[in-house]
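Order as written gives the chain letters A, B, C and D; numbering starts at 1 within each chain.
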Amino acid sequence: MIRVSVVGATGYAGIELVRLLYSHPQVELVHLVSQSFAEQPISNIYPNFKGLLDKTCSSLDIDRIAEESDVVFTSLPHGISNQVIPALYQRGKKVIDLSGDFRYKSVKVYEKWYGVRHGHPDLLKESVYGLPELHRNEIKTARLVGNPGCYPTCAILGLAPLVKHQLIHLNSIIIDAKSGATGAGREPSQGLLFCEVDENIKAYKVATHRHTSEIEQELSILAQRELAISFTPHLLPVKRGILSTIYANLKKTLNFEDVYSLYSQFYAGEPFVVLHHEGSLPEIKHVNGSNSCHIGFVVDRRTNRIVVVTAIDNLIKGAGGQAIQNMNILFGLDETVGLRSPGWYL
Amino acid sequence: MIRVSVVGATGYAGIELVRLLYSHPQVELVHLVSQSFAEQPISNIYPNFKGLLDKTCSSLDIDRIAEESDVVFTSLPHGISNQVIPALYQRGKKVIDLSGDFRYKSVKVYEKWYGVRHGHPDLLKESVYGLPELHRNEIKTARLVGNPGCYPTCAILGLAPLVKHQLIHLNSIIIDAKSGATGAGREPSQGLLFCEVDENIKAYKVATHRHTSEIEQELSILAQRELAISFTPHLLPVKRGILSTIYANLKKTLNFEDVYSLYSQFYAGEPFVVLHHEGSLPEIKHVNGSNSCHIGFVVDRRTNRIVVVTAIDNLIKGAGGQAIQNMNILFGLDETVGLRSPGWYL
Amino acid sequence: MIRVSVVGATGYAGIELVRLLYSHPQVELVHLVSQSFAEQPISNIYPNFKGLLDKTCSSLDIDRIAEESDVVFTSLPHGISNQVIPALYQRGKKVIDLSGDFRYKSVKVYEKWYGVRHGHPDLLKESVYGLPELHRNEIKTARLVGNPGCYPTCAILGLAPLVKHQLIHLNSIIIDAKSGATGAGREPSQGLLFCEVDENIKAYKVATHRHTSEIEQELSILAQRELAISFTPHLLPVKRGILSTIYANLKKTLNFEDVYSLYSQFYAGEPFVVLHHEGSLPEIKHVNGSNSCHIGFVVDRRTNRIVVVTAIDNLIKGAGGQAIQNMNILFGLDETVGLRSPGWYL
Amino acid sequence: MIRVSVVGATGYAGIELVRLLYSHPQVELVHLVSQSFAEQPISNIYPNFKGLLDKTCSSLDIDRIAEESDVVFTSLPHGISNQVIPALYQRGKKVIDLSGDFRYKSVKVYEKWYGVRHGHPDLLKESVYGLPELHRNEIKTARLVGNPGCYPTCAILGLAPLVKHQLIHLNSIIIDAKSGATGAGREPSQGLLFCEVDENIKAYKVATHRHTSEIEQELSILAQRELAISFTPHLLPVKRGILSTIYANLKKTLNFEDVYSLYSQFYAGEPFVVLHHEGSLPEIKHVNGSNSCHIGFVVDRRTNRIVVVTAIDNLIKGAGGQAIQNMNILFGLDETVGLRSPGWYL
């Protein structure tokens, strides 16, 4: 059994991670750290665990956590992550961080988009960007994983084959993404009240969202040159799920089969990438509840543009599920253990 | 034109009142008071008013408001209402208060259920309970109206004919009410976040909700003796609307026509009470957007029980719309002016 | 491995059953029967199964199903169930039926409330009402299980200890139930369109819903005399979940601890019944995604009434999950196999 | 008073038109034609009208309608519209058609995108595209108005100033639009069931939606040359509202003020176009319930792209409200009569 602790267990990303870990057959949950709810049973805060997981939340005790855990998941706001992780890392623990703090190659890019100094730039060299479909080999031997952002996971997986194979004009990439409200976390704020979000949709942080830089980093690596994208996130009146509608100009005329075959090869053997056949497109209800990323596309001959549609569950493939996928890799397990549930649809 | 000010204009009840007043042909909006948003244009806070009502919110200046207004609506938390109203009242203004502070005959009952001392018990003698269907004549000559609570409006209108005519056992009344989330206001709290309310329903304050006492007060007056009811509010994943499902044991065997005819007579001429014929029952989509209270019922011969179903828009008939109805009465206008919109359905 | 077939696999109850069976470690899915979608892969109809379960739906071939299955789940409209089950039963198969056809002791009651003749009244003697918390021993040796209705499961579990121990007046029981829209199935109809259900709540079939009779049957057995209840179902703008708010008059004065201790004893050892402590009440988000029934209560001294609140996932404990629980019992497995997931909360 | 009839009064667009006409001070509602609900009171079908509008729906009697009406609104599926309108037109009536049948300059384009023969291509010469912000003068003297589609209204108003002033590369236009489910009408179908639409978003008819051609027609006129756009509609889990996120490459470097000033001038005096200041963007809750189109934008210097966000209520500015705006123009009324309600926000 792998001894696992979660720091930041009572936010939405944290609790979903706990829910998934609870059903993982090779995991023993050791510490659930929550500053806000320390000393309270997790099942008081999330009564869905009543009768199943009545563990009490604890406050942050690095030494104890390090001693009693094989791997620690940190699900804290960026910057704070930054303060906790080095101590765990120095104690030889494997750490999978769900914040943005350890996703970057360049401190400069991080500091520009996050507007804060990075506390431990040295650790960025040790950390690996935890998108298994692109970096599986590096992850295998890593001890610090920067678990990808939800929007970036959904966008990068949709674009990687096209960018890698240079089929699109790199300056034409537009990602119009729509996310459920769990992505914004559980901290109370007026803009996230039911009566504000319900029966509404809004674009936010247009052209300035931090995830832009994360997407650009990964696509630039694939393209082997710097590129800039347009990224527009929207807040949906749903709890879970991200749908990305991605536009790019094709360099040459392609038909559906060409593109389908390219993606099939690129993602051959990937357990969590699902391609849709012609005439079918992903919807968030296809993936919510699962660790899968669904990908579909339409080739538009009139405009010579490709429209790629991708969907993930932001809390699973976009957070806790992918974190567990990374843990499975770090510990040499079958990558799908604990992650085989189909989406719920209903 | 009636010069109108609204104190507490930027809460949900307040802004809905403003929206209705904006379309009232005999109203001039003078002051929109908001402590949180003073000096900001109302259309920044609620962009639905952009290009229509760009008035700036002001902070509370009792003298100025009193001087420049004919009537003041106060939409403040209970207790606070209490501090503002006497000053306005002493300056000779008509006041319509949307809080619970001036709805009670008995200071004792108020203080027991609200758990605070009443600041101005003397004024309770002056105030009138603003449910026009029961107290129209008193309202006509009042200067201080305690505008009814949303749940009480919906429950009392459903029960009044039965209680008045002694057709039910008074100790058998159960009101199972379901409300939209606007009823809880705009103050951020975890329990009101989209991800908490969406795809959920919960009962809350079972047997202890303050509105219980308000319903009991009015039904006791009708019954001419003290009675106690069971009242259970529920939070729905919708913005607006209250549906009350009301149960009571019949004293004798009645059929649908008997009951329908009783209600028809009781509410003859009422512009905002709508009865459903046999086989049809109110739904909140029938009333949302309107000042109407819809009433339907089923007589269950098996159990000799009547089930009354009532629906109102909690922000209109349950708050701002009823407040305007009261204003119309206070100023001798046709009671329906500014309140003639049908429900939206969609 | 238990060889399992599902007849009626593509309705909402059917597909949820398939989703749960897919993750059951001792189940082999053999036939997914769907008249409407025969010869189509299940993953075309429900793309959440893409890449996981690409089995093709088949049309109904009783002989083949009987030959190749150890147990058959039938999830068909009542009456139709009736036509399929005897043939399977005669071929010696175990059958778990999700319709209302085999839930009744009395043909007369069935025929009165369903308004049709029962095709095989003889089989009613063989069938067992599949509520394990009340009938576990009978289920163990049964070959035909009438899987309980969703509303009855939620109501009966909430009332059983009170009725059994004669703590309430039997003629005072009122069940005000609220259900998600999956309960109404996937057949297109105007009343189930998104724009009709969203932002709405309505009561329907007041005092006439078929599940009334099912609840009365089971409570009458517990009470050892005939009783009649008031049951009001409501349609909620959510996909899953039932919340029942249940009212009854107490025969004597009780406090919370008395009642809690009674329920604790009654449900001692039950893996899927979860009691809430004082001050906490079930919500559908606590149970959606799980096979649990949560129960909480408030004792109201003012009215000497008890209010019991129960919640289940109508598609799991109210349908497919309970059906699997029954299968586990029929085959001597641990009752919780394949059913250990906590609720989703989000 | 203008005598008005509505043909197709009981679909979602039709009933919303009726709701708006009901409150129009210069309108007398004469015939509400509904084949499906002929001889039934409209308030049985839409109980929100109970006690307000109890008119009975009638079947289609062209002669009578023509005789007793000054203007007829037709809200029928395309193709059917086509069969009814010529008869009304020949009888000298003014007709405002909400279908796609009379929106096109070119029969060929219509027939290509709609896949049917146009029944009366001759009448296309008589009809005017009813977008007042672009064609007010033509509308004034028209007798047949092709009321614009919902998506085109929202897209064209967002792009018109940029296209007209040639500030963007015409081949770079991408419109990513998100619509509420009322846009799909009230005809039952599986894909529109609550449980299919709720908690979901999906793209549909990518690169092939008919409204593409309508947008291209109008933008090509403004650009004075043919252009092709990418248009992707999405179905949102909301009832009302369209949000369009529009991308285009700027021909030269511009800042926010430049663009704002351009739009201000272009739409000077327009009563139903509302611009958002820097840092604010339209959301559908700003416009739902109103006839306004809100427009905001972000100039992205990194990519030299402009992102325009527009929002309308698809049932009002995108259908019935705009139809009434056209009626007001046709009859020489103030264009805003009956259309002055602010959005609801809640």
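Operating definition for what follows: contacts are C-beta pairs under 8 Å (C-beta built on N, C-alpha and C of every residue); 3 or more make two chains touch, one makes a residue touch a chain.
Keep in mind that this is a model prediction, so the values were computed, not measured.
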| item | value |
| --- | --- |
| Chain whose mean Cα position lies farthest from chain B | A |
| Option in B-C, A-D or A-C whose residue-number contact pairs overlap B-D by over half | A-C |
| Cα-centroid distance, chain B relative to chain C, in whole angstrom | 39 |
| Mean-CA-position distance for chain D and chain C (Å) | 46 |
| Per-residue multi-chain contacts in chain D, two or more chains | 12, 182, 195-196, 199, 237-240, 283, 285, 346 |
| Complex contacts: residues of chain A adjacent to chain C | 12, 15-16, 19, 22-23, 44, 46-53, 182, 199, 239-240, 274, 276, 280, 282-283, 285-287, 289-290, 292, 294, 315, 340-346 |
| Residues of chain B touching chain C in the complex | 171, 174, 176, 178, 180, 195-196, 199-204, 206-207, 228-230, 232, 234, 236-241, 243, 245, 247, 281, 283-285, 288, 298, 300, 302-303, 305, 307, 309, 346 |
| Of all residues in chain C, those that touch chain D in their complex | 12, 181-182, 186, 188-190, 192-199, 237-239 |
